[in-house]
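Two complexes are shown next, each including subunit A; its partner changes from subunit B in the first to subunit C in the second.
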Partner chain A sequence: MFLIKGMPIRLLQGRTNELQTHSNADDQVLTDPRMASGMQEKQYTPSLLSFFIYNPKFGPREGEEEKKILFYHPCDVEKNEKIRNVGLCEAIVQFTRTFCPTKPAKSLHTQKNRQFFHEPEGNFWMVMVVRNPMVEKPSKDGKPPTIEYQEEEILDTVYGAVLQQCYSMYKLFNGTFIRAFEAGGVELLTQKLEKFFYRYIQTLHLQSCDLLDVFGGISFFPLDKMTYLKIQCFVNRVEESLNLVKYTAFLYNDQLIWSGLEQDDMRILYKYLTTSLFPRHTEPELAGRDSPLRPEVTGNLLHYGRFLTGPANLKDPDAKFRFPRIFVNTEDNYEELHLIVYKAMSAAVCFMVNASVELTREFCEQLDALVGPQLTLLASDICEQYNINKRISGPEKEPQFKFIYFNHMNLAEKSTIHMRKTASVSLTSVHPDLMKILGDINSDFARVDADEEIIVKAMTDYWVVGKKSDQRELYVILNQKNANLIEVNEEVKRLCATQFNNIFFLD
Partner chain B sequence: MNEMETMDSPVITSLHQGDENEMQSENDLDSITEVEDLVTLPRIERGKERKLLDLPSEDNLNPNHLPVDIQKDDAVVFDASETVNTSEDNAHEDSGEFVVAMLARGTLEEQGVCTKRISSPLSETPLEASSHWDEDVTAESWRQHRKHVFVLSEAGKPIYSRYGSEEALSSTMGVMMALVSFIQSGDNVIRSVYSDEHTVVFMQQGPLVLVSVSSTHQSEQQLRNELLYVYNQIVSMLTQASITRIFEHKKNYDLRRLLAGSEKILDGLLNLVDFDPSFLLSAVHCLPIASSFRDSLSQILQKAITPNLVFSILIAKNQLLTIAQERMVIEDAKLDPADLHLLLNLIGASSAFQAGEIWTPICLPSFNPDCYFYAYISYLDPPECTVCLLLLSTDNEAFYAVAECKRKIEEAMQAQNALTSIAKAQSYSVSQVGVSDLRHFMYKPFDVPDNHHQLTQFTSPEMEAPYDSEEEKMRLLDLYRDVHGRIHNTARPLKLIYHVAARETLLAWVTTKFELYTCFSPLVTKSYAINAITKLLRWVKKEEDRLFIRYPPKYSTTPNASKS
Partner chain C sequence: MSEGYYLELSENPVQFENASSVNNVFFDEANKQVFAVRSGGATGVVVKGPEDKNSIAFRMDDKGEVKCIKFSLGNKILAVQRTPKTVDFINFIPDFPHLEFSHECKTKNSSVLGFCWTSWNEIVFITDQGIEFYQVLPEKRTLKILKSQSINVNWYIYCPETAVLVLSTTVQGNVLQPFAFKNGTMSKMTKFEIELPVAPKPAKIILSERDIAVATIYGQLYVMHLKHHTRSTNNSGAEVVLYHLLREGSCKKAHVLKLNTSGKFALNVVDNLVVVHHQSSRTSLIFDIKLKEPDCPVNIHQPVLPAQSIHPYKISVTGPVAATGQASVPCELYSSTWSVFQPDIIISASEGYLWYLHVKLHPTVNLLQDKGKLMDFLLHRSDCKMVILSVCSQMLVGGEKGNLPVVATVFDKLNQVYKEYLEAEQAYTLAVESGPSRFSNSYKRPIRSQAVIDQSDMYTHVFSAFTEKKDVSHKFIIAVLMEYIRSLNQFQITVQHYFYELVIKTLVQHNLFYMLHQFLQYHVLSDSKPLACLLLSLESTYPPAHQLSLDMLKRLSTANDEIVEVLLSKQQVLGALRFVRSVGGHDNVSARKFLDAARQTNDTMLFYTIFRFFEQRNFRLRGNPAFNPGEHCEEHVTYFKEVFGEQTLMKLPVV
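Moving on, here comes the complex of A and B:
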């Protein structure tokens, strides 16, 4: 196990519980088992206090302040309280403009919480208030317990990125704020915001955000050239046969292989697919042939293809051919598209079709007939290739290190630290403090444009190495407590040689 | 308000007296007149000096008070502790007033001790004090400053701004106070605001609010620490108790009236904080000299004592030569490096100290924020003024006795031709360590003998090329501040940082025995750096008698011990 000795068991327990219950409760209490019963210390993870969106131009006059507020969570907050909180944000932003008019406040730190500010479109402000983690210590003599806020635990870069992601996700499914406002005024905009964020906020799992949220990267599926070409052929053939299809993206095992979308659009679509859509559909191919999990074969024994969006069963006479709509290229062309996600075994393909076209049963049947068999075949090809490659690279040994890699140019991301990243939780195999050290190193890198390397030894004697070369960042956590700087350096060199042999990293 | 205005001096002046007096002053409340009377006035110059003191800084003195002041001819040196008792006219005396007590000038001049008229270092004019005084606070150049510092009162009244006049910034400071109190009203405390360009740190200390607006990327902890220095420098002039008391009795009191002229000291402090790593490391930098020479200087200090003398400090080129301490005082508590930094800044901030002898009450906030020491400050090598003697006594009447100590010290030093040797003493070059590619370092030992009672010290060579320009010096210090901030991160401290950057490689290492920051040329290898560190540590060990005060001298001045 790579788990750190002395890592509080409560953290692990807390996280596994969470996996089982899919609890939404942000106020999850993790009890420290080390404390004797009766004198229990309670640890509270960071949680969402409020989330609101306002536009100061919508209620500029006194007495009209409420009009500024476009969305406010939790909604049962008293009106004046909402106005006060929005007022504070406006004041903070205005105050920082005294010192730099073009770069206003991004975050406000207080003893009890942190507020994050994001202005994704002119004058539209999104604010997220996160309570600091805290420890509740029981006091004797029946006095109320004392609460100690842990003020340095939340990383601005991580939660700032989470807030930006909220906007990107909204925009993917709703387009920009200003478009909605232009189309239907404040009324339409608030409706859309209400509809989207009411649900989306429930899925923010603030206690398990980390460096990966800062990167917002895409995990690519490693593939040999032959198989890659096969996939490209497949995409070209389908796009040619179904000329309604404007963009295509190909994924295997929740990892991207091919995408025709702009990077930023793909990045947020990828996030949606891997953390929301895919986990919602249990994986029949993971289950055995006779498993009850395997859904009714839809009458087509030739292939395993099925729609993840749109009609669940093509043979159903009442099937609806409605697909989710997404907005891409909002900066220039502002395209609205149908999102068709089709899957066969571990291979999933997104077909995007201009939203002005109405998608019919005929089109879907055509797609199913064309794509289903080919994709099934392709999926098993990929699987076979993948297994061969794995065998060549030898049996997996518990490595002496864990790493995260990110490439800013193609958004490629790889982590051996995260055992599993789902909608509800990211389960890491290292102590949260080490993850935060990675975050600290990342913010150091972000400040300078040059290539850099930072090696640190934590108080727990773990070594953490960060390397930045060109647009690439690599973070390694070494599990060798007694190593010295030179040995650590050798170990990381070996890692780079085996995993990233074609990438130059500073020595 | 009227009620407020009836407060007066006894209240403030008694602060340093301890409980009895406090009680007394409470009783005096009826008789008090306006706080301002008491606080602003007392320039305790003698009447004949009055004209000389016509300095711009006195603008904020209410002219009405002047006549009263002049009447006060016989006040020689005053200080807080005296006032309650002295008071035929205590409405106009304020101990708290640093400016007042700053110089017992009149007396000294009469004695012929100083031949040249000295203007109070604290009343050197705002014009001179701050070249940024009349800056346009809406201009881009104002915004571009690396680090702004503001001090305001809880009522939102401006007390100090590093750049631009407080008047011009009063609305900005009003906003700062509004933010502080708004968040307070939600039973919460504002800490900081971050933008892509700035870190804004808020800190409340009693009735004062301090704000730093910095584009330096320093850690919040470091910025907070700097604000604490600013606060303590203000306390060193007024004492914490008197600040608290003033605002208890008049919430919207304009503290600038008491600090008139001291902007320069705060400006100087902030410049030092930016350029002198002593503040970052909370340690004192000693001038390297042969240990035998240091011992002989220490002995000179040890011999020149008088009752109630507690610290004798010898400084050259703004670095410590030696410091002798009263035995009983050290038993009690040690002199904190932070207090010494404030003293050094006070001396350095004013050229006025260069011309004669100064006798001034000064509070050492880390030692005791509520009481005054009396500092005797005199340069030993006029007109160069690089060697400064600082004698601290607990007795405000001890000026003549302490001045006599200085005379003895001067004589003894002359006999040994010590000044010439001190003039030759120099900081060292990193090349003396004999490790190529090592460009600079800072070493702070914890394994010094008698560590518990010692000033924390550090050693560091001169900054040489490529760090010989102001900009490059600052850049290196910023790099040090970065690694220092990370390694001392409050939530996630580290043991070691090895940082390969574009133009240099830095290695920071904290152990139980020392704290070390080194700067190498960028292309050194890790194994080279490790070897270099080993060599460096060996060198420091070998040189430690020269680099540090190893055994700080002590003396006893308790009345029975030394009647001579």
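Moving on, here comes the complex of A and C:
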């Protein structure tokens, strides 16, 4: 039923994981015993077992349980099993509520899988069931292989965040559940859910989820003040002359520079742009000149601007001027907007226009004529400035450090661990076990409010350092032969001094 | 009412007795004095000007018709020409005999065309055969020749400001020979030829004195030639050709002003603008040689503004002292009896008025739609500050679509001038600081012209009112502020913190905290202690402001004390101590401050840690863990003993 990719496991030397901690306030000891043998084992990564959405109020009476279910994946599950699974979740949530009415259960750990519960809107529940990673051990004597579930290997925080992200993404393109229900009853809601999640679930790659999903951060493009001001003024001028535009966001190299949207809306829009929209459009760009994937050159030699959403070619007489709609500020104003994404070279701008306005060819042409040349110029300015700054700051001082930085205040995120982040793959340059340690440290940080620091000696020569100062978190992975605690501490200090010298980061 | 009239005659003209059969009127451009000579001086000479206050009246014997009459600089000596060969002098220096003496030009068979004073006692005679430069010795009542030059002269023009005399020579009159005078010396400058449309045959004088004027524009000396339109050449109308006259080197044709019409013209120079009066249409045109025309080749200029008459002027019938309410009649403008003198003087001899011509800037604001060009024009005017500021205010309130690029252009133009001034100022300061060197004298403190519009001007006159406006969208306000900040940054001018405060205030007022956060993230709002404190005060409405503020204080690197205070106020005692230690200040901090803060947390373990830290510090610094009386920590020592027992106090190691 599931396609499971086999993954060769790494042979680990002995049963290492010598742990050292270095904490400011209290001593913490982490244990992560791990066994591995050299036999031909098969490792299976975590995978999605089922995903469903229900509302207990929709079928409160006996015999009507099916009405509660708004969406169920996989859809070919037998009806009674669906009802049973939903009922179980309902029961667990109800039961655990007695212990803590304000914080209902978030997850259920079992040997084979883990269930995650999320109630994004009153009485609407989303449940995701993830099968634990497992190791298949071939046994001798022709007996069937034994399966060992690694129930401790997946993190609540990571998959809990993935589930929340599912909702946010749905909401971005469809608005809230309740609005759909009010507008068209259960029928409309289920239709919408079906349409959205059928495709979205296929893009969930649970095996490559990690700490970055917990943060759901935004990578900001580093830029000097002057160029930033130019962009700022460009945005203001465009918004002034095309007064239909309500909000604007500006990105370069898939990194954010300016957002007119509020932080939470930008966070999910950013996720959509960088993991879905942009990757879809980079491939044609990278394709060869004669490749059929390459978009037709519009013949406009004055600028490189083009629409990533809406019409692919303005000159096409049959071009459609339909743009994706997004929902923002759902808490208060509940705005529905057209999402126009326009790109010139590496600079991409999102213009958001009130959805009640119909976008015409004239508007798109006006936008193209106004924004295209300016954005082309700006993109080359940014590129030039960026290269100058890079030259000034010296040739790559990063590579020896692998780190993840996150600031809860502005959602700024920076990772030198992740090489490329797309919907299909999240390539990390470190072993998943190390990523797991990062996640563990993060969970520890979440428990206490105070600033702290945790240093972990991991397998082989790796050291993992987690630091938390005010609202910022920094995770560093060091690989130094025979380094001791003091040296590691010094090394991290040096990293802070070079990479984070302009922020207040206690050491 | 007065809209559109950008030229006006001065309100307080110099009045004199109008020219008549018994009263001859003379004007001296050097001293800007009007001489009213009644009956050859016998019944009185009245000298007025330039401000109409200090008039001089005297009598002199009528020795024939006066052809030319001028005071030397400072009204020391009066020179009067009555005959073609001689000039008479009268002493006006107190204590010197008030007697006339006469001097005859030395070249035989020549006649004196006129004379010019170049100082209080130096005079040049211009004869038809050359020039003679004399020093007048009033006590001896004689003249001493300093220098002379023989040359055929048709006519001459003298520019008193620069003491340059231009002579018309050759048969056609179009070769001009300039001479410069300075401290008793006379130097011949390079002669040059005025281009004429056609050379007449037979050769005769065709370049008239009336078509030539000399004036300084933007500090440079120009000979202006009114080149009349001739049917044979083209139909573009007359033009004014400006020849740039250099002390050294040859003179070159520098600018062409297109008049696009023909007829009788007169020239003035006002506030570095060339004003061309056109008599038949009774209008004037103004040209600015510093304005570049986008579609014209370099140095060809079109009028800055549409042709317009001088503002109507009324003169009271009863004369200058007429009280208000008395009948007044409109003065005939562009009258044929007007005489125009450089740079900005208009005289109506028949009515007895001398006016200065003024350019009014306010009416130009509505005449020049292109704001960029308007700024270029205004920035070169002397009395421009308030007009520019009002243009800025107006353009922000207008709120037309597509306004921002215009706003940006205007800001850039203002800041360009502002930056140039700042640089000059800086260079000057540097030169002064570098001590008395041989160059130090050559540095003059840069003069701050009105065109230098600095940040406080903009703040006071434009932005403070603008940001208070209720009917302007906050989006536009922020966009304008960002444009101004961008422009300042573009010219590398340090932005004053009150602009940042204005940005923050506007953003906070509209709850745009995320925007503010992004600005700070990219350091658009430069770091400063006042700004950091402002952010701290926002913490209650926007918690992330705390982090932003701390970051800023950290970057300032001079605000370590403030950081400690902030952390202590948040009860982050350990964090504060670790910070102090990281910047190496832990040997000097007040132990009491930290212990106080630790006590307030009611966390005994924290108190213990902090207490122990200072005991160790004491031991390290003084060899004794006890606190000094001066540290006022007795209360905390007592508390420590109470909670942890006396034996827990750090002991001196037994030696």
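Operating definition for what follows: the second predicted complex is superposed on the first by the 446 of 507 C-alpha atoms of A that agree within 3 Å, B and C clash if a C-alpha of one lies under 4 Å from a C-alpha of the other, contacts with A are read in each partner's own complex, and residues count from 1 in each chain.
Methods note: a residue touches a chain if its C-beta (ideal position, glycine included) is under 8 Å from a C-beta of that chain, and two chains touch if they have at least 3 such contacts.
As the structure is a computational prediction, the values presented were derived from the model and not from experiment.
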Subject >> Contact breadth on subunit A, by residue count: subunit C or subunit B >> reply: B
**OP:** In the overlay, answer first, second, both or neither for which of subunit B and subunit C A:451 touches.
**Re:** both
Subject >> First (subunit B), second (subunit C), both or neither touched by A:88 >> reply: first
**OP:** Tell me which partner A:107 touches in the superposition: subunit B (first), subunit C (second), both or neither.
**Re:** first
Original post:
Between subunit B (first) and subunit C (second), which does A:437 come into contact with in this model arrangement: first, second, both, or neither?
Top reply: first
Original post:
After lining up the shared chain so the two structures overlap, which partner does A:412 touch, if you call subunit B first and subunit C second: first, second, both or neither?
Top reply: second
**OP:** Check whether A:489 is in contact with subunit B, with subunit C, with both or with neither, and answer first, second, both or neither.
**Re:** first
Subject >> Touching partner for A:98 - first (subunit B), second (subunit C), both, neither >> reply: first
Original post:
Taking the superposition as given, does A:225 touch the first partner, subunit B, the second, subunit C, both, or neither?
Top reply: second
Original post:
subunit A residues touched by both subunit B and subunit C?
Top reply: 451, 506-507
Original post:
Of all residues in subunit C, which touch subunit A in the complex?
Top reply: 401-405, 408, 475-476, 478-479, 482-483, 485-486, 489-490, 514-515, 517-518, 521-524, 544, 546-548, 550-551, 553-555, 563, 572, 574-575, 578-579, 582
Original post:
Touching subunit B in the complex: which residues of subunit A?
Top reply: 88, 91-92, 94-96, 98-100, 103-113, 150-153, 156, 433, 436-437, 440, 444, 447-448, 450-459, 461, 484-486, 489, 506-507
Subject >> Complex contact set, residues of subunit A against subunit C >> reply: 24, 220, 223, 225-226, 228-230, 232-233, 236-237, 239-241, 243, 257-260, 262-263, 407, 409-410, 412, 451, 470-472, 502-504, 506-507
**OP:** In the complex, go through subunit B and note every residue touching subunit A.
**Re:** 143, 148, 172, 175-176, 178-179, 182-183, 188-198, 200, 213, 217, 220, 482, 486, 489-502, 525-527, 529-530
